[in-house]
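Each of the two complexes below includes chain A, the first together with chain B, the second together with chain C.
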Partner chain A sequence: QLDHGCALHAAARDGLSSVSSRDVLAERPRAVFHTSESDPAKHTEQHEGRLYNIPLEEVKAVFPHGLPHRFQQQIQTFNEARLMVRKPALELLACLKGSNFAHPAVRYVIYGERGTGKTMTLCHVVHYCSRQGWLVLHIPDAHLWVKNCKELLQSSYNKDRLDQPLQASAWLKNFKTSNERFLQEIKTQKKYMWGKRESTEEGRPLREVVEQGLARVRSASDAVGVVLRELKQQSHRGSFRLLVAVDGVNALWGRTALSKEDKSPVSPEELTLVHNLRKMVMNDWSGGAIVTTLSQTGSLFKPSSAYTPQELLGKEGFDALDPFVPIPVPNYSPREFESCYGYYLERKWLQHEKAHTEDGKAELRFLSGSNPRQLERLAGPL
Partner chain B sequence: RIMPVRWSRYNPNYLEPEPKKEPYQKPLEERTEEEREQMDLKTVRPIKAAPPTMSSSVFNDPLISKFTNMMMKSGNKVLARSLMSQTLEAIKRKQLEKYHKAPENEKETIECNPYVIFHQALKNCQPIIGLSNITKGGKTYQVPIPLTDNRKRFLAMKWLITECRENKHRRTMMPEKLSQELLLAFNNEGPVIKKKHVLHKMAEANRAYAHFRWW
Partner chain C sequence: TFRQICTTTAVQRKNVGASGPEKYTEAFIKKQIEEFNLGKRHLANMMGEDPETFTQEDIDRAIAYLFPSGLFDEQARPMMKHPNEIFPEQRKIQWGEDGRPFHFLFYTGKQSYYSLMHETYEKLLNVQKHQDQLIAQDLPLQKEKRNLAGNRWLTKIELEEMLLEKVSDDDYSRFIQLLQKLVALPCANIEEKYIQKFSKEVPVQLQKVVIEPLQYDERGVAFSTGEGKRKTARATVVVYDNGTGKTTVNGIDILHYFPVLQDREQLLFPFQFLGRIGKHDMVCTVSGGGRSAQAGAIRLASAKALRSFVTEKEVEFMRQAGLLTVDPRVKERKKPGQEGPRRKFTWKKR
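Up next is the complex of A and B:
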């Protein structure tokens, strides 16, 4: 039986137990919009609209590749990682807490307009799951696998398919940092041959498969396929819970921007990584959950006004994902806007004198339309 | 205000637009005679179209707009404005990182407001005295002359932009280079300040010809 306890920093856990979950109202006037509750499992509606802190060591362990670029820059400037607790995330966490893991995995699709916080909601859920001790399979952006690929090799396993060694090895490296202890404990159930001479025996820890993929970059995509297959087969036993978190799932169905050497277009099924990921996102396994995000910003050949699942997934994708739980993510509510504005003021991000006045605040609210990304972009130069 | 009489095609009836909302929000009692007359005139006379640079935003800064216009190439204001906002953000990030890492007693000395840094840097770059070519007896001399405020501002901005465009590595982005130069100018270091000092030295060297100036 695997250890369900908190996988991360024991020091962080001790620090938490000493600070109780009361909110900061009674303490220093530091912030009505901050909360000292750093464990996503304990977030309730009371914490809605508030920002919670993730210790920097946890950020490096849990999110080697998941966070958006602007958020990473913000973490570096402010020296802390603060995530806002919002309603869609709370709904998802409630669903996850109440789900029955003997049933097939439930699929959740987070959708919304551009810049409303879908990726951040996904990161919140990933943080919760890693705190609870789940095995997190986080693909930061599936669109990166269907465009801008420098090397496409013909797969040795199946003649029709194409391999992507660079993307696969980058993903394996990040997967290794985030799930160290699981790789040691999960054993393979079959013998795998890598080319003519190398093979991994049955019963070896998964870590060897990952290291094989990293050492021999040519077989990295096959290593990824093996990892996904093993995790799917072993998750129903109940020794660990599996979370499949895919950002930009609409890349798996649709078109790619890649082409073969004879300039003919490549369809997503012909890529090994996409093929294996599609199998992972099917709900024919139990013992975990699948949380995905739709994304128009990285998508190919889709109009910029499309944001609903029907438009972005297309017929094929919608049928494949069919029984799913849709979770819309709206723009900031007035309370969330106040909270975000107050946080920027407190961290001295809004330096302009007029930004501290009521007029400046009203202008920011109007210009951004309460959209989180627009607010962040506007507050940059101010 | 100086009205462009010769070149504007507007009927002299037309009044200038007013972007700020304070004059309109003042109650009637507080207005002086002229303001009351002005308001009455506005109800009857037509108003000119506002130029695109005029903005009613509280964050609008005329110096920043002028600098953005000077950075603009072939009318691409969108690009110039985005470069300007990225520069301000880069300055802010660098200063905030320094601020958060500094010990308590030094925190007040670090200036984080990018607008304050920009204004101060430009002021530090402005030359006090300039040179002009005056031809006397067949020879041209470099004569030191006083500069107007507009000319000083223009020279400072021009030097900053040319310096950033020419003396940078092929792969560095303009916002990064500009933020570097602005921070150096804020501390009175850097190539632009050196250029200003060179100009001052030339003017000092040519003091003898100062009497050639007739205005």
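Up next is the complex of A and C:
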């Protein structure tokens, strides 16, 4: 099948001079590297190694904040979002499809070396779940919550903890865009007091809580905490499925780069956001799943060669997350490499004349070591 | 006329004897020779060896043992050689007691040069006469060509040493032209011996290097080893056949060991040059040096290892591409009175 594609590809290259036949010829090689199947639910091993399209409106709705920066740039350049279907993602989807939601939520930890596609796998799963109608709680990068925080307020709820109004409000905004209809349906079960005057009654839609958090930035972190607690309690009942997708979960158990006013370091438990998130990631609730990624890139105080769960989570995190289903993400297999290369070629991203030859492909494969990020960075200036 | 810009240090030594009047009298040199012989016997006695069969090599070894020196320049170290080698050859006095010169061309100023030109022209005329004789007798002209490729003419400095007098560029080129004219004639074989005095052999570079054959390991896969170095890094590489292009350095994948693209490109270069990018597996061990030096060392080692897999012509291409040459650049020594190898101290006016 691949030879057929390669022959067609060669024909496409030769035929590019004649404009009339271009459209006809360009359509057919597409079929090899791409699938028209844009519903992740229907992706099977047959689709492995191929790229599928996500319509741009869906991208804005589902991933207001989830995609890696470079991928967003690529979407802007190519004017379409193409995600590769890879084996780890397919495994995860199979597990999710077959899981029993009466049991406590299963935890999946996606791990792998730098730049192998862990975040992309997570986004694939998130897309699937949103298509299926789940409520997606997507935290794009937990590392953002433990470093580079300009404002730290002392929490009004609990004297020991510290609030992060900016990060919390940013996250609430994105959460609102991604899960509009759920916020209307889900009702609060308790009365919450925001400071002395404002309060939210029982039975009000969650959207009011979110808006309260956005309006009163000081209490944004508490609003986040409230949202998380409500969702956890209500997912039991089964009216909706909850997916907790955390990228860079090892941030929750490491050290932080923040310090209090008296220059003493802050440990993660003292941050409200982190504390609440840890409670979410515990598997004491049912009716959904928890999918997390380990990330070394944003992690603090960890060596760059560390990528296994033990190293990155540390003892504390490992015990907290145990038991979990580990999902390793390897570099591109030869087939995946071919399809990625073919995609770049087809979108005319590789402009160098040698890049079109077999030798050029072999060079790219050697220099990038079949690592998706390296390949993407290499193909950039070409 | 051309001027040689880079010459070896041996050739650069000026011919002191030809430049001026005698600096060392004959009696002086004779005395030096006697002293040298005596010294040789003393040295042999000291080392406990037989004075009669004490060769120059033994002398060199003994001196190196008795006076060890850490100097890099071989000629700066203490040495004991025969005076004829140390004191350059000189021209004896060219005129007799009555002031009359011995040689008939003395007053030309360059007597040996002109006498040489005369001799060579005589040989040329000889050859032409012989040729005419053969034509007159209707005999076929001999057409055995000398092997022109492996020989070169004497350089100007070598000619100066032979003639013991200075030769200018113009004179030298005229002499070479005359020799070439002589060689071009078909019957030049008669004067072969004369011509051989002025030509030298040039050994072809490649003949010296021996290419090892391929070895086979237990699985039946062909492999070959190569070693390379660059600055202070030393690398050994084993290149396996029938591979996928996977490369391991000190047990670590190249993506992790060389995060910089430039180093990986250096590793890629030999394979890309031969067009064998995805065909070989590589296992390397490298130590010393820095990131770039290690990459260069592995590149050299892999090029050397690939020689066994490849035809001779391609080996010659690799050599000309510079893949097989050891990079001679090393860190330059810091000199006293300067801050670095080239940088001087900041100059303060007062």
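Everything below uses one rule, namely that the second predicted complex is superposed on the first by the 352 of 382 C-alpha atoms of A that agree within 3 Å, B and C clash if a C-alpha of one lies under 4 Å from a C-alpha of the other, contacts with A are read in each partner's own complex, and residues count from 1 in each chain.
Just so we're on the same page, a residue touches a chain if its C-beta (ideal position, glycine included) is under 8 Å from a C-beta of that chain, and two chains touch if they have at least 3 such contacts.
Model, not experiment: these values are computed from the prediction.
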item	value
Which superposed partner A:Gln73 touches (first chain B, second chain C, both, neither)	first
Chain B versus chain C as contact partner of A:Pro326, first or second or both or neither	neither
More chain A residues in contact - chain B or chain C	B
Touched partner set for A:Asp359, first chain B, second chain C, both or neither	both
Which of chain B and chain C A:Pro303 touches, first, second, both or neither	neither
Which superposed partner A:Pro265 touches (first chain B, second chain C, both, neither)	neither
Touching partner for A:Asn371 - first (chain B), second (chain C), both, neither	second
Where chain A meets both chain C and chain B, residue numbers	359, 363
Touching residues (chain side chain A, partner chain B) in the complex	73, 76-79, 348-349, 351-355, 357, 359-360, 363, 380-382
Contact set on chain C toward chain A in their complex	245, 247, 253-256, 261, 264-265, 268, 271-272, 275, 277-278
Sites on chain B touched by chain A in the complex	57-59, 84-86, 88-89, 92-93, 96-97, 99-100, 112-115
In the complex, chain A residues that touch chain C	305, 359, 362-363, 365-369, 371, 374, 378
